[in-house]
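The structure under discussion appears below in the form of structure tokens.
Each chain carries a letter (A, B, C and D) given by its place in the written order, and its residues are counted from 1.
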Amino acid sequence: MGMIGGGIGAFIGDAHRRASRICNDYELVGGVFDPDFERNKKFAASEGIDPKRCYETVDALIKGEKALPPERRIEVVAIVTPNAFHYPFAKSLLNAGFHLVCEKPMTMTVDEALDLEKSVAEKKLTFALTHTYTGYPMVRQMREIISKGLLGTIQRIDAQYYQGWINSIIHGTESRITGVWRLDPKQAGVSSCMGDIGVHAFNLIEYTTGLEVKEILSDLSSVKDDVKLDLDGTVMLRFGGYLKGVIRASQVCGGEENGITIAVYGSKASLKWAQENPNYLYMLSDSEPTRVFKPAHGYNGKLAETGHTMPAGHPEGIYEALANIYRGAARSIRGEAYDKAEFPTVHDGVRGMKFIHAVVESNRMGNIWMKI
Amino acid sequence: MGMIGGGIGAFIGDAHRRASRICNDYELVGGVFDPDFERNKKFAASEGIDPKRCYETVDALIKGEKALPPERRIEVVAIVTPNAFHYPFAKSLLNAGFHLVCEKPMTMTVDEALDLEKSVAEKKLTFALTHTYTGYPMVRQMREIISKGLLGTIQRIDAQYYQGWINSIIHGTESRITGVWRLDPKQAGVSSCMGDIGVHAFNLIEYTTGLEVKEILSDLSSVKDDVKLDLDGTVMLRFGGYLKGVIRASQVCGGEENGITIAVYGSKASLKWAQENPNYLYMLSDSEPTRVFKPAHGYNGKLAETGHTMPAGHPEGIYEALANIYRGAARSIRGEAYDKAEFPTVHDGVRGMKFIHAVVESNRMGNIWMKI
Amino acid sequence: MGMIGGGIGAFIGDAHRRASRICNDYELVGGVFDPDFERNKKFAASEGIDPKRCYETVDALIKGEKALPPERRIEVVAIVTPNAFHYPFAKSLLNAGFHLVCEKPMTMTVDEALDLEKSVAEKKLTFALTHTYTGYPMVRQMREIISKGLLGTIQRIDAQYYQGWINSIIHGTESRITGVWRLDPKQAGVSSCMGDIGVHAFNLIEYTTGLEVKEILSDLSSVKDDVKLDLDGTVMLRFGGYLKGVIRASQVCGGEENGITIAVYGSKASLKWAQENPNYLYMLSDSEPTRVFKPAHGYNGKLAETGHTMPAGHPEGIYEALANIYRGAARSIRGEAYDKAEFPTVHDGVRGMKFIHAVVESNRMGNIWMKI
Amino acid sequence: MGMIGGGIGAFIGDAHRRASRICNDYELVGGVFDPDFERNKKFAASEGIDPKRCYETVDALIKGEKALPPERRIEVVAIVTPNAFHYPFAKSLLNAGFHLVCEKPMTMTVDEALDLEKSVAEKKLTFALTHTYTGYPMVRQMREIISKGLLGTIQRIDAQYYQGWINSIIHGTESRITGVWRLDPKQAGVSSCMGDIGVHAFNLIEYTTGLEVKEILSDLSSVKDDVKLDLDGTVMLRFGGYLKGVIRASQVCGGEENGITIAVYGSKASLKWAQENPNYLYMLSDSEPTRVFKPAHGYNGKLAETGHTMPAGHPEGIYEALANIYRGAARSIRGEAYDKAEFPTVHDGVRGMKFIHAVVESNRMGNIWMKI
């Protein structure tokens, strides 16, 4: 495995490396960890990377690795840069025949997303988009329960993603390096809140239910005069028929840490899950006691049980969720059998970009319905 | 105290009677408990009411009580009928000089609501609207904390009211008498979900924050072809400035019992409360551990502590919340000093009717912004 | 109903009066609310009691009420005095033919308890001991589930009662009137912690399981040099066969409010309940998702559902639990059919006194096993 | 790193390997994974281990590794075998100069434990005992808060470790390979429940409080006739002065998964933590709202924050806790500065063996106090 981005101080790159080690199907052997070559080299050294494989640019990496014999060459590259670089780097790497693990949002525009989708199809490569929350066992169990029809007719869907960390930046009580690029349209794209976190909630809905959102209507807020992107918003959802729903996302909910939740309500039963307590899945019904599903039990489906060996009651966390996605991608790269729900794909990336752009456009046009 | 409605099988009437006994400022001495006079009399007998004061109609009650000497006469009447009867009975009783405790939604139309507000002002009577959730100690503490400015600038407000009980009716698995009138526009008014429960969420927002919702945009669903009223919906809120919020309400969230929650997010701190665990109020901040407020502590304000004598850790429930409202109304009726936050008034009823009608209208007009 | 004790500032008397009003089978018409006659009269006036029925002593109450015609006479008396007065007042009142509702611990000695049991049997009167926690719907449901054998063989029982309120007294940060008598052996008896709260845990075990504790071994602590009674302790339990258990109780667990919990573990399933969240009963099994029982559902037994009319999700609290006990006692007094689990009896009082004395004796003798 | 035990089907060996990869200071290069050499080789191959370094015995490993140049040689060995093998293997490996990571309980007898302690001291090697729960950030924060004296005088300590997994074995509903050796005194030692899990609770008490348990009194149960070791028990604790406490442990609490909890109650404040929700630490006080500490906040001490880079709200689990211990051991092995609380040592192993043997002896002698 190689990595683009994720150098000194980048928490998401660290998470990717840990996850790749947990699942034990990868070895980090090279990369471009930082646009600053000195910092890049310093970081590579700290990770024990062969200095020859610490490249100055993505092009250099492609060239360098191509020059190696296939059995020593990087097979898969993880892209964990700011959003604006996802597309050009992914495009180059796909063209050069590398499998990819890519952070979300996948691109800056819908066209870029569609273009990547085309490249992946043409090159027959594996492309795993790290909507990390789909790696949690209980999210996977949720998908399984719904796919079996145990909820009856789905009647309402409600997802939330509330954080508060941007408060310290916009209100000036703290200055965090990781926060800066997300508020810059050139690096982050058309949206902050919806692009960074709202899209996770959107993905979680489509992942767990297997349904597609058909139309959205949004109302966004930048919260302060000097902020150029949305930091907060509500998105109404329509799925066709009577089914409606809502996504609520915000980066200014002071004290919320990483509050992504999903509830899917059906005519027979309902399911609720919250990321901060990821090992609990609640199944509600009008006539039976609520049932609480947990990992490492025989009552769960295979997809939920694929990633752990510890008995029940030994909590798994975010790193294990990401490792489950890495594991699925590894199976795909090796040509082994795998469940398509084991990792989000470039198509999820296309859906996400359509969502982000529709949400921004709906808000800009005065809160009207937009198809996605 | 007298009572209109609340006869055999009516759970909300029973709750009012219990609450009035808990606070111990009332004695139920007469009423019109059921439109069917035989059932009315039967019920009155079961409550030990003097048969002479079990009246056939509200007019008869007014006439009968007026004929009694003032010290024996009913002072205050609780109206717990289906929605359509609130206005005419309230109007008559106000005109006759009775104080009122009235269930919500207060009337069928905004004009009726404004008319009642006028009557209350003219007659200088006490009118308590039973938005019961405002009687919980931790809701009152929430109001107090916000009023002191401890949250900084409020940046987002999110309230939910999810129930699932209508599933059993619309999907035919059960037929509950209490459910019928709520789906009939003639008895329930223009809305089921928003009129019955969404308005509670709306009231809770205005009660706890002291802010007024300025504009709403709604998307509602009737869930099934043969249902005439909304059973589910999302309402976007604007408060002026950058502040936005959302109300989510549904009666088809299978397995949800009485899931009313509120979260108010500020630049300095935030507050979260959920009705099903009413004795816990969570105060979040980005830099401090979350703090959990509970009743019966010296750190709470006077308003939160007015209604109980048990030490901390002895849970209070819905009956005590309603009793707190009854207690406040009693203080008002007796001309004692009281905090205006001790009970919702006819003005809250006007606000609620404006909300309900705006929500229905926004949805009907194609999801546009409506002022309230 | 009459009342002995419970005057100005006494929270437990207030709770009894509220409970009696909630269940609506009682009317408070007289009593001896305070040993100080002035305070007694002042309190009676505040409750609207006929001054003639505010008596100076229990004997005066007996004499005065006996002089009234039977239909106007007090039928049942609630004893809510400090512990030392329970026995003499109960004895006199039983001899005079009054039904009783009595606070726990029932007496000061086991002999007194046995004597009361004998009196109740001879006089064929109703004697309800207010182990209030047995009035919670989910505690009753717990009893029902266990009585049906759904747990298989019971393998472990663990009950806790942790409070922290005595800290403020023994560490001098606060002086609370209600705290004083509980630390005085003359008024409280041989034990503070075990007599006041440990006995509740003991009762809850025997109530929910229907089992009798056969032997106990205790280790107690007075926490500070100048305290004469236990404030903290652990009690090992044996039930015969392989079944063992533990009661943990303390009044110095700083920050604990009223932390009484019970867990009963069986070979097939287990049950857990905690008083501070009384409307949740957890049923665990090794092979199925945990199930969460709540009140107001058709899946509960009749005993759990007898006391409320509100739909699910409307929380009940401690006052409703106590009201459920009052309701059962009323049924017994009126000679109606009732479930013997509707209220704890004088026999539970005998068991409790045996427990308290065995615990104190085991500790005094150097932590040896004592039969009870 | 080398490993002894942990071959096919062994979940704890898998956990150790994951943890070593997460912290990224180790590379697994050899071992004796299974006493059956064929299974051993098969497993080594699946992990990509050089076949030459998959040894048939521990002696062969020592000999083989010693023959390698120091820079290629295994530095540290993880022992994850059944209990009986811990001592002989640890002894040999220490004598040969290898650092060790060892599973608990450390040995079969107290003498063995003391002997290992002596060896570690003489050889000046690093010995990390994997009391994994001490690796959780909030357990470390608990230690820090207590060490600062913020609880005042500690007045009660209560730890629990409840599991239910042995039910399926002793009641014959399932036969799990991992379960067999723990019930065999030759492989597991003198205790099942207290040796496997009770000792974790004991360690957690001494780790978080810095106090030593002085005396214990236990009552154990084997639950069924044909079981030779304890599966359930209660242990009273004395710490000197007025401070007492309790450990409750059981393997027959049906439906409990891995229920280790600790509560430390002080005169000023108290702390509660539960392993199944490891990212929440509750600080209670009588006069302030409960405070909830979570990882990744500036209010935590350095020890709690050393192991993660993700922002707050990204849950960590058991693998990260174990990785934190591995990280501390790596620092020690490399001679870097580290906090002595970063990993449990051979001395904790001695304490644990004294605890286990005292508990078994107290029970055998008829529940008497034993010094430890």
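The definition used in the following text is that contacts are C-beta pairs under 8 Å (C-beta built on N, C-alpha and C of every residue); 3 or more make two chains touch, one makes a residue touch a chain.
The structure displayed is predicted, hence computed values, not measured ones.
Within the contact network of the assembly, the step distance from chain B to chain D comes to 1.
Taking the mean Cα position of each chain as its centre, C sits at the greatest distance from chain A.
Between A-D and A-C, more C-beta contact pairs are found at A-D.
Computed centre separation for the pair chain A/chain B is 42 angstrom, with centres defined by C-alpha atoms.
Here the spacing of chain A and chain D, counted between their Cα centres, is 35 Å. With centres defined as mean CA coordinates, chain C is found 54 Å away from chain A. Multi-chain contact residues of chain B (touching two or more other chains) are listed as 165, 256, 283, 287, 290, 294. Contact residues of chain A toward chain B in the complex are 151-152, 155-156, 158, 160, 162, 164-165, 167-168, 171, 173, 217, 219, 221-224, 232-234, 236, 238, 242-246, 248, 250, 252-256, 263, 265-270, 283-287, 290, 367, 369.
Taken together, the chain C residues at the contact with chain A in this complex read 283, 287-294, 297-299.
The residues of chain D lying in touch with chain A in their complex are 11, 14-15, 17-18, 21-22, 24, 163, 165, 256-259, 275-279, 294, 296, 309-320.
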